[in-house]
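Think of it as A, B, C and D in the order they're written, each chain with its own count starting at 1.
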């Protein structure tokens, strides 16, 4: 397949660790503006899939096209600059820096060595920080050291750091793990808001949460795609039921 | 090191005070007490650290670091000579006081310490240095500050300084006679040259090669250098086996030395089968190598502990008395022992401690009591000395087998060898 | 007044000003030229130490081969000085006059081609920085691109140090071998061995060091500094924020190399020779401990650490040579086990709160500046060694 | 040169490579356990070797003065003692120093470097600055000469045999014993190992001590081919680290292969080049390969 409208097109993707195929001949297509949730039992290869897309792990075979551009051989930072953002499972923020600094550092300017040396925090940066901070509900916490935030706030901050870069594809690995019910609610709203002008892939276990946000659900099992489609359809799929209940 | 060498230097104020007092002509009581012949103002016109009763000298060797292995003997010998001189009443009625500095096997430290000794402590002379590198590091300082250094080690030559008296052999004194002996007595025509990779072995081997090729009409069948501290010589030994030299001519130093001889022995190259002449094994090195590994090989030096003469018997006895019956004396140790005595003779001849006067008086100074026999200072500040060949024994001693009939003239810039 | 005070507080420049005063005013007044020249020599190691603060403290990359760059800078300088000292007149005793003495000893009969450019001072000064930085770039680019880090990087830098030492010693016809390049005399006809020259060189050296600290401080306060710190803790996060992490590390390594090289060149000028004993592993690790004792996060602390260790070394090796190694061992172990952040950390955790308590009534509480260089902790510590050395010297 | 001679030289040169291999492997083995399995960078490894060497020297001196008749027999006992002494000091070191630093690997490097300085000074104060050599039993000296012109060094064979025995025991211990199981469990997942009832602190201490003990054996073996001085250890340390790193830190087989490769490269290039250049060439080769393959020759691919 050459040029498509998909923001992300993954074809025949395989990665093996010493013979063990963590991802096995996988195909996946993602539309612009789509919010896709990937579910599956432990060890299905969900996190590995995100690792492959963002470049943390190198594929053994297959192709990953982002906006029709081949990504498989590119280093991580180039993929990020192309518009792929990734949030890790455990909140990964700079604990010693203030919330403001965390966001400022993520602003996509001055990314080279000398660019970083000459970087100045001007009005444009401040405006963007304020905007994002408002979105993630941390506008009144800008001067706080990030390490002092609550667990949920840390998760939001990391999402905010990604939003600073306006990525076209956002990948979130279990964003609500460890959150209170109230925080989950807020997170769901946040996700629905931010997917308006970008595509989002979310890995999640919480089915209630999934059904609340997902446009489409992909079920993975043993490195392969077991089922794909709207939540209700997938939930009714006997293969899926077998995988979840058979174990 | 024993604590008896830890001399605490006088504080500068105190020293200045003492100097000031000594300069007062009427304040001569102490002089009378010690029966000094000359007033300090007369023997010391350049502000050296000399009082009516004491003359301060420096001693600069490595007490720590890799070179401590080699320099310990020199430290001991110099101290012994100084103790003996003091027991005889000192020099010009003044006892010698030593400021001991540790160069720590580090050349910049040598430079730092030599500057301290000359500039801060104003010592009358320095006994010290062992490696060429340390001497090269301090040389500009001695020339700049007009100090005086007695340097004990046999070395590569190519140097002559107003401010240094070289009490060891320069390269030709150690090499040429030995090679001639090897040719005459052992019929050696094919030589294999082996050395550690630094200036002294390289220069020595350069002289050896020129002598073998141009003067002896012999052949050099191999020339190899190994990094300092190398401990694996098996490949080299195989190269030697391929080349089949009549003589292995070796200048391997330090820890490599031990490995070299142990592995030679293990490869079946022993004194009984192969003629080997070395420039770098003295009684000191023998301790580490072990007599059984060196037995039958030959060493070219000017001094061996087993030398049979009256001076040496007395020297060996007093050395062992001072440092224990197991102490051994190598070539450099003996050369270091000469330093204080040569200085004493020069100072007394000059009638002054002033460096310029001592330097001027030095050429022609003779020492009839040297353990190695008679020595004399040449105009080029090196010593006339004899060359000797000795064979290593299984018990770790050397038996002298040959000795040059005449004193060999030192020639640090030998024509035809450059 | 208040503006200056604020500026000093904000960037942590107060401690910098104190250091500058000590280096430029106190030391020259309190010491004779011999001691001052020694301090000058120590300060050249200070360049390496602040380079390590940037590389190790900020960048999280430990190099055990900084001696390589110190040595290369020093050698580049020494080559120029050696050529100037080897004019045909003063080397007429050689078989080939006009080339450095060690070349003559090694039967070279002409100056090697790659030595030729070092006849020019501008080229030599350029090479002082460029050669080490280039080497640093090649080594680190290859490794950081491949994500070699931590322990592996440290060990490979050691291997590089070993290679260079063996090369320099083995190629003595071109490098002076173990002896190094000695007997350097003049810089464009200006005799660097006189007391006057030593004063001048000391101030140039101190000025450059202070300049280097300001440069590093500026980098620390820039986004680059933030990123270096961020990388040390959350490397992946930085990478997935679109930064090429390896290039930042390469930059830190090149910066440290360039600083070390300047130190090396100043060493050559002040001491009058350069030798391979600085290139090897042992001096490289010793330089790491200078930074560790001062505080790996503090530029000013690193300079105090350097001074303290070297004063200690000089003092102890003069008075108790046997104890020196034990003391050094204790310093290494003690700092690592008890004060991972060195003197600066000690100052931050003990002295500063104490000072704050004493002042707490009047002055407004100071905002904690996280990696602020420590100020007066070190000089207080250094005093015993200093006073012992300084007493009785003419001012 | 006749065919026979070429044949003999080839054999002897081959053995030279083998004995260098044995030396490197013996140096690297203890380190491979400590660095590879525990991630601790023990810069005092060389000094633990020196401890072993001095133990042999002590034994030799004591035997000579107390029971001269036993000079031929003391060596095997002395090697066992070298292991025990180094083991004991390693145990103490882990207790006093290393266990506080597991989370800061670069700091173990600095602390153990300090330790090595201190140990060197202890050696110097105890045994003097000069190098010493133990009196070796006659059966360890000289060469085995199966044919005219062919001499195989006996000390080389001894070191080779010792290396085979030590390496074999380590491999067996690591893959067949309970200690080995515990070590491997701890390496792959410390928290889980702890949870399953493995006393990881005890395992660490034992592992470190065993690594040190092997260093002691290495030092003991080296007395047959080299010298012993207070600073001998520092000669070995970089080589030892290179062997382990080059092999891929976590793999003992890697250490074996890398020691073999380095030894052959060095030994062959020494035969054809000058000694210094051979060293530079070997090191450059190692660094180049490490730059292209930073994980070393053998590295487990782990899903991260």
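The rule is short, and it goes like this: a contact is a pair of C-beta atoms (placed from the backbone, for glycine too) under 8 Å apart; a residue touches a chain by one contact, two chains touch by 3 or more.
A quick note: this is a predicted structure, and the numbers were derived from the prediction, not measured.
Student: Which number of steps is the smallest that gets you from chain A over to chain B via touching chains?
Tutor: The least step count works out to 2.
Student: By Cα centroids, which chain is closest to the centre of the whole protein?
Tutor: C
Student: Please compute the C-alpha centroid of chain B, do the same for chain C, then give the distance between them in whole Å.
Tutor: Their C-alpha centroids are separated by 36 Å.
Student: Report, in whole Å, the distance between the mean C-alpha point of chain A and the mean C-alpha point of chain D.
Tutor: That pair's centroid distance is 48 Å.
Student: Could you please state the distance in Å, as a whole number, between where the Cα atoms of chain A are centred and where those of chain C are centred?
Tutor: Roughly 44 Å separates the two chain centres.
Student: Check each residue of chain D and list the ones that touch at least two other chains.
Tutor: If we look for residues of chain D contacting two or more partner chains, we find 121, 274, 276, 279.
Student: Hey, what residues on chain A touch two or more of the other chains?
Tutor: Within chain A, no residue contacts more than one other chain.
Student: In chain B, what residues contact two or more other chains?
Tutor: Within chain B, residues 63-64, 197, 225, 227 contact more than one other chain.
Student: Under the stated contact criterion, what part of chain D meets chain C in this complex?
Tutor: Touching chain C: residues 35, 39, 41, 97, 100-101, 104-107, 109-111, 113-118, 120-121, 125, 234, 238, 241-242, 245, 274, 276-277, 279-280, 283-284, 286-287, 290-292, 294 of chain D.
Student: Please give the residue numbers of chain C that touch chain B in the complex, ascending.
Tutor: Residues of chain C touching chain B: 34, 37-38, 41, 93, 95, 101-102, 104-107, 166, 169-170, 172, 177-180, 182-185, 193, 271-273, 275, 277-278, 314, 317-322, 324-325, 391-393.
Student: Would you tell me which residues of chain C are touching chain D in their complex?
Tutor: 62, 64, 139, 142-143, 146-148, 150-152, 154-156, 158-160, 162-163, 166-167, 169-170, 281-282, 285, 288-289, 292, 322, 325-326, 328-333, 335-337, 340
Student: Please give the residue numbers of chain B that touch chain C in the complex, ascending.
Tutor: Residue list for chain B touching chain C: 1, 6, 8, 11-13, 63-64, 101-102, 104, 106-109, 111-112, 115-116, 119-120, 131-133, 136-137, 139-141, 144, 156, 158, 197-199, 202-203, 206, 225, 227-228, 413, 418.
Student: Per the contact definition, I'd like the list of chain B residues that touch chain D in the complex.
Tutor: It comes out as residues 63-66, 68-69, 72, 197, 224-227, 229-232, 234-239, 241-242, 255, 257-259, 262-263, 265-270, 284, 287-290, 292-293.
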